[in-house]
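Have a look at the structure below before the remarks.
Should a chain be cited, it is by its letter among A, B, C and D, assigned in written order, with residues numbered from 1 in that chain.
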Amino acid sequence: MMEAKKIVLLLVCLNVVSSPVIASPPTCAANLDSQCADSDYWEGEFFPGIPKIKYEGPSSKNPLAYKWYNAEEVILGKKMKDWMRFSVAFWHTFRGTGADPFGAPTKSWPWEDGTNSLAMAKRRMRANFEFINKLGVDRWCFHDRDIAPDGKTLKETNANLDEVVTLAKELQGSKIRPLWGTAQLFLHPRYMHGGATSSEVGVYAYAAAQVKKAIEVTHYLGGENYVFWGGREGYQSLLNTDMGRELDHLARFLEAAVAYKKKIGFNGTLLIEPKPQEPTKHQYDWDAATTANFLRKYGLINEFKLNIECNHATLSGHSCHHDLETARINGLLGNIDANTGDPQVGWDTDQFMTDIGEATMVMLSVIKNGGLAPGGFNFDAKLRRESTDVEDLFIAHIAGMDTLARGLRNAAKLIEDGSLAELVRKRYQSFDSEIGAQIEAGKADFELLEKKAMEWGEPKVPSAKQELAEMIFQSAL
Amino acid sequence: MMEAKKIVLLLVCLNVVSSPVIASPPTCAANLDSQCADSDYWEGEFFPGIPKIKYEGPSSKNPLAYKWYNAEEVILGKKMKDWMRFSVAFWHTFRGTGADPFGAPTKSWPWEDGTNSLAMAKRRMRANFEFINKLGVDRWCFHDRDIAPDGKTLKETNANLDEVVTLAKELQGSKIRPLWGTAQLFLHPRYMHGGATSSEVGVYAYAAAQVKKAIEVTHYLGGENYVFWGGREGYQSLLNTDMGRELDHLARFLEAAVAYKKKIGFNGTLLIEPKPQEPTKHQYDWDAATTANFLRKYGLINEFKLNIECNHATLSGHSCHHDLETARINGLLGNIDANTGDPQVGWDTDQFMTDIGEATMVMLSVIKNGGLAPGGFNFDAKLRRESTDVEDLFIAHIAGMDTLARGLRNAAKLIEDGSLAELVRKRYQSFDSEIGAQIEAGKADFELLEKKAMEWGEPKVPSAKQELAEMIFQSAL
Amino acid sequence: MMEAKKIVLLLVCLNVVSSPVIASPPTCAANLDSQCADSDYWEGEFFPGIPKIKYEGPSSKNPLAYKWYNAEEVILGKKMKDWMRFSVAFWHTFRGTGADPFGAPTKSWPWEDGTNSLAMAKRRMRANFEFINKLGVDRWCFHDRDIAPDGKTLKETNANLDEVVTLAKELQGSKIRPLWGTAQLFLHPRYMHGGATSSEVGVYAYAAAQVKKAIEVTHYLGGENYVFWGGREGYQSLLNTDMGRELDHLARFLEAAVAYKKKIGFNGTLLIEPKPQEPTKHQYDWDAATTANFLRKYGLINEFKLNIECNHATLSGHSCHHDLETARINGLLGNIDANTGDPQVGWDTDQFMTDIGEATMVMLSVIKNGGLAPGGFNFDAKLRRESTDVEDLFIAHIAGMDTLARGLRNAAKLIEDGSLAELVRKRYQSFDSEIGAQIEAGKADFELLEKKAMEWGEPKVPSAKQELAEMIFQSAL
Amino acid sequence: MMEAKKIVLLLVCLNVVSSPVIASPPTCAANLDSQCADSDYWEGEFFPGIPKIKYEGPSSKNPLAYKWYNAEEVILGKKMKDWMRFSVAFWHTFRGTGADPFGAPTKSWPWEDGTNSLAMAKRRMRANFEFINKLGVDRWCFHDRDIAPDGKTLKETNANLDEVVTLAKELQGSKIRPLWGTAQLFLHPRYMHGGATSSEVGVYAYAAAQVKKAIEVTHYLGGENYVFWGGREGYQSLLNTDMGRELDHLARFLEAAVAYKKKIGFNGTLLIEPKPQEPTKHQYDWDAATTANFLRKYGLINEFKLNIECNHATLSGHSCHHDLETARINGLLGNIDANTGDPQVGWDTDQFMTDIGEATMVMLSVIKNGGLAPGGFNFDAKLRRESTDVEDLFIAHIAGMDTLARGLRNAAKLIEDGSLAELVRKRYQSFDSEIGAQIEAGKADFELLEKKAMEWGEPKVPSAKQELAEMIFQSAL
């Protein structure tokens, strides 16, 4: 419906005026061919008006300061930064255009020249590291195709990727590393029927080659994890789909990935990111439990962990807390894509999380999991389409980081207070008995249990005290 | 909110007038104490105006005849009755009152005397078998507590159950058998925190005793399956719940059930019926995949199959067809609870299925599964609250049976025509190649696949032909 | 499915043991016939262990104290109690049984004797006023049929109601009044097709008689409003429904209610409470906008306001804030049913609101509306089925009141800070111009506007600053 | 996230191979610069292998023939073509690229040259009319910006539009006319905050200028209606939105449109198309009832009708049948956007309707409305992203037309049979009485009704016979 090409060109140097909190960075003077395209100009600062973001505490009114996230502060015996392990998602932050199914791109970042050239890819990578450094985080995440342009052949594409990755490695310095890398197997039309589950064997091979390379570059950059998100691994209609055969192919594909990872000595965790639907009507990695079933069925349960995304959890009919706990008790909680959805909306809105209650529940799971390392929190979140100031990128990340940091502080308060845990412990205390132990050891058969039931008569069933639990929970917010 | 007791008493002999297709059966003459409570009166016919339901073909306008279900007719090499294996659900048909969260009972069946006595239980059982015989089906399903009243103790309750079950065995005759039995572990307040997952050890034991007895009576009656539906096995809030411990308890409980079944020589299939939520906010057997994960995790995958209910599938965000196929390709499709929900409504409406397209997809799965035996189709479906004529019970079952029978005929037409299967076969034919065979055998590693991808260049990706598939599908309806 | 009668009898004196925060009130000693039924016993205190609830401030850990609600404290120029105008809902608090579509009652309040007698109704009314007094609120809400039992005829029913109402008036004293009364037109089977929209003219007349009486008793008790909730005014299927005719009947019914109210000099506001579905598949008063359309179509827009229930708003696909604002800008915001739903669940859970963010948004609407008087906040909220201690009734109300009080404090903070309002004002400032004024006065035609558009060239479109707005909002929580 | 430009260029002449039913049209020989861009080549046939689509009857297996739509056949006294008044949507058919939020375009129609030039716009318009003629329909619908490219200024854009419209008028010939035209106020970033409800006065003026021109060209082409779809008239967050002010602006805008339409003598109907959400979180024209409330509030109720889209109805929580009936009984049913959604998916899938039951209900509403003229059925429906053969465009439209035609035949059967209508008539017959007439005339006050209720005693409430109604309904399918 849209003619994106033309619009992108028109927009690049569009002189968008707003009333931002700080002065805008220099925008393109005139047109595409002169200053805007002048890569030397962009060797300098991309965010000239934005300071390094610092912690100023809850009473600060400064939008460009942390109110709750204090990286070096110790909470429950660990530094905040080590609990959080925040990561910037390259795609939303630097390739997000603001386009939606009914709308053309709205972002016109001053450093963009309207092309997908290798030069532009490098300039963008520099912006990325300036952004990361100003935010004060140590991790980033990327899709292969976001950071470097397609070439005419796979070989050429790989060469492009190598060139950008070499620069990224240099810009990373000694401190910054990828939280994870991944291969983009959903944007290009060749993947319209899936990558590993495409009906075309040529596409399966192409996807394998792409993942092979993406694991290699993640390894080269010192990445700590590698993610599979199966945005096209699913179906639009069962009428034209052989679901059993497709799932078998997916298992073969993941087995080959495991083998290759080991072969090249990549020790990062392989993560699967569940999502129920969108873009396809049904995606095979629907939620944590569905993905766990797949991994168990094909003997892959010890080779993978899960990357739980909050907005994906809610789209599958669960709270984020639920899917985190499901992953955790299956031994699979590896990473969190920190975002949130709109409770009244049926698609992935990928908003920055701002709900304090939700953040507190998320952090309760993380603490029970003993943290997420080598995983962390990746901001798979984007600006609203209508947020078009450069500073909005910072404001959104600061709000998202502060929300989770506030969640951590609240969760710590709850744990230190202890009354919620005590309420739960007491609820199950009848199982801390001899017969309880027998049951939990698998030694109580139906005959024994019937005998006990007859002996005991009508069991006593106390209140679940949910309202009290909610009151205690809220008192920590 | 309601005072059900009083209302039930008032309603029993309420002289409800409507305009039914056939004359109403004799209703209670005056009051509870005379004819209505006279059990001799009810030794006779319960549905005097209703004939034995016969097949009259699609052109019939008779609401009390089958238009599509012709029990002895052979479709794809098997009699319709052997494909369908229809079962009447005792609870909806004979214990459904029409009550809902905002409304008191509306049904006042003429044979009910307003009590839950043993005598009433037996009278109701006679009505059940007259109903089954007039409908011409061979199977029924029951919860233990629906068919016999609670006593003061578990022992007394079991004795009540034995008395009713003895009568049921006699009434079954040589032809009728339970498709399955089950224990009702959700109605009584003792189960408010769950049965196998209750926080109280006494309730766990009580539930075990109840399931033990229910398996025994199912076995005694010649039942072919036994079902677990965990309506209270879940949580209302994670804040006061130890989900990991509850799931461990559930596994221990099911292990004990397997052991007991084997011990007494019951060869019926154990079935788990997934449902995502309602009555609790989250139920552990959310959908087919979630339940499969649980069974695999605890080593129970070979001991259970699934009873898929269409309305439960749609509440979990899937089409019924999807959850049937998921069960099937996991080797778990054991039984179907044939009903349907309202696509705009967020709770279990348990309506009789009347959608021809849905029925056709259901039957495609059943045929691919080689049928359902020893499982079948149980009508876990109820009259709308506002449907209060005795004949409505028949009309609803006839419509439900005809819809699935029509689905079977359509599915057979599609299979005999062959063009839909051919469309799917062709879609995947690139995997019917040497490299495809290598992939499917797990012998194609990433290096080989990369080499092929480089060799082949950009893969060709044909149309998925979904609209054509839908056109072919519709042509069979 | 359930035999509620028997179970109620069994449960009444069930000795349920739990570990409540305070000692339980005396429970029934032995059985129904002696102390439990002894109404003299119950002339005394119903909640002996519960003190009058006091404000102790945010640092209090006492579950039976207010942390945020300080009735006499002045916020934005008005006492908290005058902003909130809290009301206890008689039905949930005193007639809620804990029954759900799959479960029998779980509550066994010590003062209940298992009957629906007039004596029991009066005892319950005394409990109600002790509860209200201990909570320290001044208002209550009731359905006619909750507070007094049905008689054999409408006349007898009305006499029962009069007897209970006389007692209630006495117990109200000089301070307590009904926030509103209403007629229960959904529980009894006679209303299964609706009250004002029933297909039966006799039911329409019966409903009219019932509403007539309910308005009279509300007036007699000094009620400030009267509510219509059309739980059965809708349809289950369009196939058997004449929607146009039913809506015409509804309009005639409401016209007659307006005429009668005026005739007897009742000056209270008539309120309609929207709900989209449940118990019926579609209810005519779907949401605020749908109800407003109905009122406008039939010329009733100036005679009614709306009672917005948060859980109903979310079931209709809106945030609570949205439906409050929709009511407000249509001049219809009259009252709020303060509860909340579960964002992943498709039915009315009627939980006490505990989300601080939601409460803050609700209070922003209330403040913009200049308060709610003569309406207020009614707690149309119930304990979870598994919450069975008497003290849970208090804990739940305290948490609900504190949440809204916290919302009021946060909203006041936002308003006093002013930066959120300033952000919105600036967003629209281009309309505070000459041409903006012309447009808003309806004086700018398309030709003028085209001329301006040509003159101005491409318009400048600033960022919507949503993330900044969310950051400012969160800073007030 | 995507670089659409590059991909479009690469795809244009991509030699996509599939196995279509018929031979593919000639595809681009080599590259963009030669034959593909040669407009002379495309003066000829665009769909060389596709015959004029004819009616062959239900037994035909030909995908390129009608099985149920027989344009000249008379049903219920009117030709099928006059009931249906089918229209092809230019945007989906000729500008739909297959892009989705996670995927680049997949369509590479042979006539496209990868540009958005005026020459390309004209070539596409020729393809449109060949498509319409081969399908055998008489109507088409368009957005201004789909049919002609943006210029550098509004003036230039209007000139481009005039040039294409002149060609369209010529190609229309004497028989073909627009069912409606509309202005696209959602794709361009200038409309990111809305058109008529933008926070920027300059955008409001620009939108007015664009609608002015779009009404003019619709009038020039002989269009019978003009549509407003407010895809950006809504909000993403209430925190930064002044909803009341925005709605006032929308009303002023529509008033100006009415005035302009009258001024230029355009007699077509103005239609508003409701949609609840997507792309924005909340759109002001949520559903039929919400839009009716808006129209009544601002005195516009007699100037507009509604264009009901089935997929939009289901997204708002209603069945399509419900929103059609709501529009109809408010006197507002003007046009239908014939498509369908996926019942498990939370966004607009715009699929071609293939459900026979749904189509039958839609046609029941249309027949009750006496048809739709001057409105009709517009196929606001698109190919699945994975359907990439040219013939798929035809197959999809044929299936959609046949489904509605089958619905018409079924609806006629139901009406001729009469038993469903009789069931409904009897349900309400108690109102066809003297007291019923008094009620319907507004002459029955509460005192009279109470007197009657006392006289009559407990009303009789017959069964609603929903299952029988469903059985009768299904028998017509």
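As a working rule, a residue touches a chain if its C-beta (ideal position, glycine included) is under 8 Å from a C-beta of that chain, and two chains touch if they have at least 3 such contacts.
Going by UniProt, the chains are A, B, C, D = Xylose isomerase family protein.
Just so it is clear, the model here is predicted, and its values are computed rather than measured.
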item: Between A-B and B-C, the pair with more C-beta contacts; value: A-B
item: Equivalent interface positions on chain C and chain D, same or different at half; value: same
item: Chain B-chain C separation of Cα centroids, rounded to whole Å; value: 37
item: For chain A paired with chain B, centre-to-centre distance based on mean C-alpha positions, whole Å; value: 39
item: Contacts with 2+ other chains: residues of chain C; value: 14, 189, 192-193, 236-237, 277, 282, 317-319, 344, 384, 386, 388, 458, 460-462, 464-466, 470, 473
item: Residues of chain C defined as touching chain B within the complex; value: 1-9, 11, 14, 91-92, 95-106, 116, 146, 149-150, 186-189, 191-193, 231-232, 236-237, 277-279, 281-282, 315, 342, 344-349, 384-386, 388
item: For the chain D and chain C complex, residues of the former touching the latter; value: 153-155, 189-190, 192-193, 198-206, 208-209, 211-213, 236-245, 247-249, 252, 255-257, 259-260, 276-277, 282, 286-287, 289-290, 292-294, 296-297, 316-319, 321-322, 325-326, 329-330, 361, 420, 423-424, 427-428, 430-431, 433, 435-436, 439-440, 442, 444-447, 449-450, 452-454, 456-462, 464-466, 469-470, 473
item: Residues of chain D that touch chain B when the two form their complex; value: 14-21, 61, 63, 67, 314, 317-319, 343-344, 352, 354-357, 383-384, 386-389, 392, 395-396, 398-399, 402-403, 419, 426, 458, 460-468, 470-471, 473-475, 477
